[in-house]
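The same chain A turns up in both complexes below, where it pairs with chain B and then with chain C.
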Partner chain A sequence: MALKLNQPEFEIERDTDKCISCQVCVRQCSNDVHEYDSEQDVIYSDSIKCVGCHRCESLCPAGALKIKEVKSQFRTNYNWTAEHLRNIYKQADSGGVILTGMGCDKPYAVYWDRILFNASQVTNPPIDPLREPMEIKTFIGRKPDNPVFEITGDPCARGVKLKTELYPQLELSTPIMFSAMSYGSISLNACKSLAAAASEFGTYYNTGEGGLHKDLYKYSMNTIVQVASGRFGVDVDYLEKGSAVEIKIGQGAKPGIGGHLPGEKVTGDISDTRMIPEGTDAISPAPHHDIYSIEDLAQLIYALKEATDWSKPVGVKVSAVHNIAPIASGIVRAGADFVSIDGLRGGTGAAPQVIRDNVGIPIELAIASVDDRLREEGIRHRASIIAAGSIRSSADIVKAIALGADAVYIGTAALVAMGCHLCQKCYTGKCNWGIATQDPYLTRRLNPEIGTRRLLNLLKGWSLEIKEMLGGVGINAIESLKGNREHLRGVGLSEKELAILGIKHAGEAW
Partner chain B sequence: MRERPGDNKMKKIYIQEEYCIGCRLCEIYCQVKHSKSKKIIKAFREEKHDILSRVLVEEIGYNSFAIQCRHCEDAPCVDACISGAMQKNKNTGVVICDGDKCVGCWSCIMVCPYGVIRRDVSSRKVASKCDLCVDEDIPECVKNCPNEALKFVEKDKNKEIQVKTKDGSQKLH
Partner chain C sequence: MNIFKKNTKEYFSRFKIPSGCAIFGAINESGERFSGGMVMEGISVMHERSNGLGGGFAAYGIYPQFARDWVFHIFYDDIEAKKQAEREIALNFKVLLSEEIPTRKVSRITNPPLIYRYFLKLKENFNDQRRNEAGSDEISSQAAAGREENSIVNFVMRINRDICGAYIISSGKNMGIFKGVGFPEDIGWFFRLDEYKGYLWTSHGRFPTNSAGWWGGAHPFGLLDWSIVHNGEISSYGTNKRFVRSFGYECSLSTDTEVITYLLDFIVRKQKIDIEMVHLILAPPLWEEIERMTGDNRESLRALRILYGNALLNGPFSIIVGNGNYIYALNDRIKLRPLVAARKGEYLFVSSEEAAIRKVCPSPDRIWQPDGGEPVIGRIKEKEKNISKELDKRNSIKSGKYRKKSKKLPMPDSFTVYKNKIPGD
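This part shows the complex of A and B:
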């Protein structure tokens, strides 16, 4: 018998009093965990194959299944944790890099959870968003340096005209957009759900670096097209199909790392969309080979602006790294109309675990330091800041905007709305929820009608909550919250952390 | 019981096969619905071999779909029935087999173009088929499809119901 050092991460508890041997679990598991024995009319489960996606548990009609995380199979050791041991066993077996999916799950400080939001009491009145108008519309793009107005009549009766010509803007009905997730990393049904939801709600989704499938052309008014280091699917039609163009330099989950879609996954539709031959590896290099400096970046930004007739905003996406403030400053000076910053906890379809869990900085600190630096340099108005990398709730959005972001990107939250259970096995292509897979058995599990409906509900719910929180502090427009850090207080943070975040500690008043 | 405005405007179950995931929950809930206890665990414990599902999931590779009686306008099973057990209700449009009258000749099975009538040999020699869950607002198979691959809608005669598929549009079956 082969030496097997690894033990199951999950335990499958099947309540035999409830199990009706209907085999739904058998049919739904792409990892072949469950097996039906027709002679005994029972189902056996092999825990070691279980990835903890909870598909079987969710669909079991008799409620007979419980998937439990195994906590204590190794002797407790705070230094040599079970994860370290498991990874060493795996690597000693295979000699490879440990791959993973989704965002960093390590217990680094989550600053959102250490920041509290304000509310009005006595000295200024809160606003009830259900009774009074509340504006959460926001615009992404460069704002004018010195707007000039012309008085044409009574200023109180719309007698003011803006003389300055505005730069192209993206108009968002809510400050939430869907992050870059490529067709290839997620299924076409997932892409369709994101695109349809963005289109219906009046916000934007991002194509990621995998090109744009022709079925998604009709959502072009709500599409941000991405130009990444592999330049997959990029041609002038692609650029024209987008409302904005985003140059992807880095991604929160894997700063400094390129991408690799194996040739086996580059099948008919994906090869067409990415514009590469079928069966060839789709390799995104770590750097753009034409960008080795801010000046090179400026060339690409202006080339893209020229190619799109100066009609749409061109932005740059970077991951939050140690020198993010000067990097963002350089990007803005290079001519970007928006800077998307993806924090440490941002997700991915596949990344080396060591990179995902150890490289980058939390998005909260990055937003604060970038906003500060751009203000100091007097160039904050020249670009919008889009925050990404683990926005888990409407509260995170409100805090991000108060720290200085213009809008946020949600990726993981959107996938969770469509059914994702964060099992982190996206890289295997066996997503039981039909999201991160191209297997025709699995992709049909996500009905885009349901996906769209659930995403719309999420956007609707979060937008209402944002309005409630704004109303609570007596603000009636999201624009008045941007960079308004006076409404934030830290709890249990050090002087240094408070200084970087630019907020007071809870209990400190004016 | 819901209103049944006659055959031309009756609500029927339509299939969007590109979203059928082959889980067979429709079959399971159909069996529960037609069990004595109507309780899932009890029904499967005590009557598993006595209750037939009236909806059947057909599968080839990753393609699958659930099919049940189409409640045809001009139902061949009604014509073929030698004992008058198979009847189409004029008001509701639902084709139902009266178990007391059925003699088990299974002529209906031979003429059904969809193959959705089954022999129920467990109790009596009767034909078993979809009754569209007449006492429910929505049939159990439709209600419990986790991916909404089954739709219970009224088909407008002048307007074919279109569903989106990978290669454009396609009619509902």
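This part shows the complex of A and C:
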């Protein structure tokens, strides 16, 4: 046996008094951690294979399993942490790039957690959303510079006519959409759950770069189709099936690099959907090879608008990088109707860990500086801003909108709602929760109806919470929260951070 | 030295101070001018809605002899500020008349600033310094008709921002704003408003939540012909402020009234949206209602909300807007602040409380509580005719004697006559 320098990250505690040897854990674990010895009627566990997804623990009928993170198997060292050592051992073994899944898990400042929201006291009545109307309907799309209206009758009886033609808009019943996750990176059942939930709640999901499966055509009214550097599955029908088109330039987890779906995963359905031969690698290049500069992006935007008869908003998704404000400004000037910005902590199905954890900037700072820049240049109305990259709760949404976003994308949160436990092993294709896998044995673990219901519940719960927070601050329409940084205060932030976020420190009055 | 004096613009522009208020407005739609005494009496009834830290009036039609000229009312903290501001004015305007605004001594009014007014004509070679600054392209590239107004807006904003201790409180034509720290009826008496006659008046009594008082921080707030009095707190202030800022309006005072003024100026003057439609932007119907409508209306109201979502005024408010042509009153869309309106003949009154209207007009033809988001508009008929008439009169008298007492205009019978004393004094 070869020398193994690595040690387990998780410890599996099995309470043998409780264990009834039912073998649920054996069947559930796609990593083959548990093994049943029929002669002795015992289950052995090999903890080195455990990824910490908690599937066995959740399903153990006897409650006999506990998965614990092993804390100090290496000698404590704040510089050479266990993670560095493990990665070096792995790379010395394999000579490869360390892959990972989901978003950056490093302890960079999470600004959401250092921003506090306001509420009304005395001078202004809070509004109770259970008794009073509370509006969170949101529109995504370009707004005209100088709209012209005409009075056609008594304006008090609302006799008004718009003469300017309105640009196409996406109408969202809540400012939350499902982020781009391709069929291939997640299972069809997961895609179905997202699509059905978006459709039922009146919001949108994003196909990601993997094309659109035929089973999802019926949700086309709630679909944003993505055009990425690989152009997988893109043809005119695909564009027609979307309510909006999003050009993917980059993604928060891996700015500046492309994607790679290995050939063994490109099976029948996926090969059809992506429009590539079965068994070939699906490689998304790092750049679009027809976009080497901003004017090329403008051409693609207008080509897509032309192809869709100018009937759909066309947006651009970029990852939040250092120069994001001028980049976003350029994208708006290039004709995009919305700009999706994906922050440092945005998730992925697979990315080199070194990129995921070290490239990009937090979404909070990116939204603030982009909103500032677009307003300074007087072009904020020309495009909507969608914030993405680790929106963990309704409070994050409220803060994102108050910083200047129009709506948010949730990806990781949606997967968590469907059962994901953030083990970060999406790239292995062995997702025990049936989400990030194409193995039919595993994918059937996610029932799309249950997935849909759980997503709907999440949207409903978060929407109610958003309404409560709006009401508390005396606002009854979400438009009035947009860019309303007066209602935000920082705690424990430096002058510079406050200046970039454009907010005051807690304790400072208006 | 950069020390903030506690009663100056520099101090107050740093905070947003919520305040409760009394508001009152009256217009004679046929353009007949009536004494400010009536308005003082109306607002005085709502004495306990203010706390003596701010009161003010806006009056239209009070300078008929200068009806076509710009008139600035300016507060100065000191002579130095006055020198600087007058230098700027002389550079850009032809000064027809400048003088200290006449006042009375009133025991409860203390520490007034230097208060001057200037009747001005814009010079041809107006030095619009803002034109080259970033973000003001929008303003300076407007059509020629609006250019003079834009120049005035830029000038006023520049003086108010750059000259320490000078503050232009009103900058319209044939109108003026009179305000200060005190109860509104005292402020009216201080400024001798019972001696002025106008066809449209608005007034304001303030109950701010801070203790210090700055004269410029009282209301009405004015820009060009606009004057705004407002009761309430705009929770959407940050959104609205950022919205107007992208069109070149800098909110320097941190007050709700300021941002409402800029919104109106942008919507009505720049975007040329009829005042009758403005309520559909500032206090639009709920989505539920819009969804129930049909045809064009549904589409246009949807569009208005989509386009002007950031101009929606959220939070409790009632406002009275004055303009050379009309008075405009509006409540927030769920009516969280009081607003009452009444008509008597050519007169239209709007007020925070019915009592104030009943005091000056005990038996109106109609009195009603407008719904949330339902505007009350009173328009001047034949304004141009009235101006020409007054200007003819002016030509027939010696120039400069514009304050010559004109004959008292008859008031409707049912109006109580103002008795030339401060109520409660």
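Operating definition for what follows: the second predicted complex is superposed on the first by the 509 of 510 C-alpha atoms of A that agree within 3 Å, B and C clash if a C-alpha of one lies under 4 Å from a C-alpha of the other, contacts with A are read in each partner's own complex, and residues count from 1 in each chain.
Throughout what follows, contacts are C-beta pairs under 8 Å (C-beta built on N, C-alpha and C of every residue); 3 or more make two chains touch, one makes a residue touch a chain.
All of these numbers come straight from a predicted model, not from anything done at the bench.
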item	value
Touching partner for A:239 - first (chain B), second (chain C), both, neither	neither
First, second, both or neither for A:23, with chain B first and chain C second	first
Which superposed partner A:481 touches (first chain B, second chain C, both, neither)	second
Partner chain(s) touched by A:445 [first = chain B, second = chain C, both, neither]	first
Chain B versus chain C as contact partner of A:227, first or second or both or neither	neither
First, second, both or neither for A:139, with chain B first and chain C second	second
Which superposed partner A:381 touches (first chain B, second chain C, both, neither)	second
Between chain B and chain C, more extensive residue contact with chain A	C
Which of chain B and chain C A:196 touches, first, second, both or neither	neither
Residues of chain B that touch chain A when the two form their complex	16, 18-25, 28-29, 40-41, 44-45, 48, 62, 144, 146-149, 166
Chain C-facing residues of chain A, complex	120, 123-125, 127, 132-133, 135, 137, 139, 143-144, 146-149, 151-152, 155-156, 158-162, 166, 169, 371, 374-376, 378, 380-381, 402, 404, 473-477, 479-487, 509-510
Chain A - residues contacting chain B, complex	17-18, 20-24, 27-28, 59, 61-62, 188, 215, 434, 439-441, 444-447, 449-450
Interfacial residue positions of chain C with respect to chain A in the complex	15-20, 134-135, 137-138, 209, 232-233, 235-243, 245-248, 254, 271-274, 276-277, 279-280, 285-288, 293, 296-297, 299-301, 303-307, 309-310, 312-316, 333-334, 336, 374-375
